[in-house]
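Once you've had a glance at the structure underneath, I'll fire off some questions.
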Amino acid sequence: MKVFAFAGSLRKGSLNHQLVARAAAAARGQGAEVDLARLSDFDIPLYSGDIEEQQGIPPGVMALGERLAEADAYLIAAPEYNYSIAGPLKNALDWISRIKPVPITDKVAMLLSASPSAVGGERGLLALRTPLMVMGCMICPRCFVLPLAGDKFDAEGGFNDEKWDERLEQALINFLANVEALCDR
Amino acid sequence: MKVFAFAGSLRKGSLNHQLVARAAAAARGQGAEVDLARLSDFDIPLYSGDIEEQQGIPPGVMALGERLAEADAYLIAAPEYNYSIAGPLKNALDWISRIKPVPITDKVAMLLSASPSAVGGERGLLALRTPLMVMGCMICPRCFVLPLAGDKFDAEGGFNDEKWDERLEQALINFLANVEALCDR
Amino acid sequence: MKVFAFAGSLRKGSLNHQLVARAAAAARGQGAEVDLARLSDFDIPLYSGDIEEQQGIPPGVMALGERLAEADAYLIAAPEYNYSIAGPLKNALDWISRIKPVPITDKVAMLLSASPSAVGGERGLLALRTPLMVMGCMICPRCFVLPLAGDKFDAEGGFNDEKWDERLEQALINFLANVEALCDR
Amino acid sequence: MKVFAFAGSLRKGSLNHQLVARAAAAARGQGAEVDLARLSDFDIPLYSGDIEEQQGIPPGVMALGERLAEADAYLIAAPEYNYSIAGPLKNALDWISRIKPVPITDKVAMLLSASPSAVGGERGLLALRTPLMVMGCMICPRCFVLPLAGDKFDAEGGFNDEKWDERLEQALINFLANVEALCDR
């Protein structure tokens, strides 16, 4: 079982990257092979039908598509911008949906969100579900939402309260069991 | 594998009931055990916290909850009212969410929608996904949407165009494979 | 200018009714004529196309429709059930949408939500906007959300912290200015 | 009254640009001053908190913000990508939301969508409403949706069927009356 993990933010010190890195480590601890990336590793222009028509799908998009295609499942930590999906993440998904077959079809995703606020990014995850499902990706109903995330990590990237480790472990056990079952289809 | 199938409409001649009955027959043809019901079989009052506090969860809700709990998966055909989930279906789900453990948690659903219009009810299904996921139900990304449904059925409840039978068969093959895999978790 | 105010909950001690009653009092203080009701004042069955066909639109729905039609604007305090619109409120709106002309078309609404949780019902308001807009109602972008509402009211139905009074006043000033302007169309 | 009109697509031959140009012409015919732009006129990078921190809000974003701030109202024609808001449009809105005061707060928008498909982009407009409202923009409940848009325009950019001209005229009359009323607040 192979999991591709990334955050939907381009910021270097992104709380969502910290969260997905923590989740990737925990998933490895549970036996999963995890490929951890940053959205900023891929050179993805703003989507334009003109670029697609004149130059085809850009190499950075194809590279992300290959990493997505190689995995059975995804850990996606996504910030909430204006109660909705972050522009750069939606832009990347819009490009990915132009690759045929769509690399995330019939795969399984778990969504996470870290937020500096008390709400934790759940509205952003609601908005994110729609394009993922339309692209054929199955989504685990249980999200992992980390409110007030600025105070939750220690210097090594772990949580500074075991409570959050336990919650993340439980969510991942559920997710990986689903993925393992679905891999055998 | 056991599938509970129902439509989210109270109307006797509901196009969505016709659709889910057709899907139930097709799923049986693929070897699934299907329990086909009507939402109107269950006496479900409008949700009120006062009813719940004074009388507990009503027997009609508990009866629906048991049928949901006995199944591994669901076929739900839902009409679209005002670009959103139909009131009676949302009301039933709100009651069901008060039963602990929530009977649909960790189950799998496939959503269908029949509509007299050319659009086919997809916006209603988008709105339906949210409460189902919050209640822990996994949703197959592929919906089955039947536009202009008033002209699609013959007198025996079959489709009058084989194209729709083939599409429904394909959607059910995908759904049942997912359910079978997830049953073994 | 006439405002119709109600909460989307049937519970007698509803926090949302407390909130909308508080907002109604404040709007009166700003010079608006406010008609405050309870959804439970109206006898509204679960929507069924069969009822509509055989008996027409029920008297309880027509009564609510008249109150909505008489007003220029609405204060609607809505609970969040399963991250979405409450079943009884959606059911009432589905019935109201069957009255022609739809009584809320070209009117203006301000949405409020009280919630016992820290999040405050914003996801429910997001879901509520869709049917209201489809029915032609303009919605003020600023909602008034009251988290942890169980601790916010005093015995007379006022807020026990002036901060909330000030926020509500400000939101109402903005809302009523919009309504007044739009009344002159 | 000043209206800023643009399409949420970067493609030169965008159907949504054709539609918003047609709407701009019709609005001018009704006496409005209309500033018609293309999203591609503004150099807007993918949003990153690092760019904002190190260089501030980019000049292209500020330029778009000024045009938005100068107007009382907006005509926004938006494509639907994966049942949701287009990435480049969401990205632009995310940047705009970082300008304080947010330039679209208390303004009024009418949403349009042209689509090559039979559905017409309504799901994309549902998703677009959320960030606009959160940013304080009031949205006219009536959208203008043009399905099968590839066949609807003549060589001069007009509709080749008067029916669509009449519908657009009616929608604009309603919109501009709302804007005019709200300008006097």
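A, B, C and D label the chains in the order they appear, each numbered from 1.
Just so we're on the same page, a residue touches a chain if its C-beta (ideal position, glycine included) is under 8 Å from a C-beta of that chain, and two chains touch if they have at least 3 such contacts.
Computed from a prediction, not measured in an experiment: that's the story for all the values here.
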Fill in the blank from the handout: In terms of mean CA position, the chain most removed from chain C is A
Problem - Result of counting contacting C-beta pairs for A-D and B-D, higher pair - result: A-D
Exercise for the section: Identify which chain pair among A-B, B-C or B-D reproduces the interface of A-C, meaning that over half of its contact pairs, matched by residue number, are the same. Expected result: B-D
Completion exercise
Per the C-alpha centroid definition, the whole-Å distance linking chain A and chain D comes out as 29
Fill in the blank from the handout: Taking each chain's mean CA coordinate, chain B and chain D are separated, in whole Å, by 37
Handout entry: Residue numbers of chain D (touch at least two other chains)
Key = 83, 123, 126, 130, 134-135
Practice task
Note which residues of chain C are touching chain B in the complex, please.
Solution key: 9-14, 40, 44, 46-50, 81-88, 90-95, 97, 123, 127, 130-131, 134-135
Problem - Residues of chain D touching chain B in the complex - result: 83, 118-119, 122-123, 126
Handout entry: Residues of chain D defined as touching chain C within the complex
Key = 105, 126, 129-130, 132-142, 177-178, 180-182, 184-185
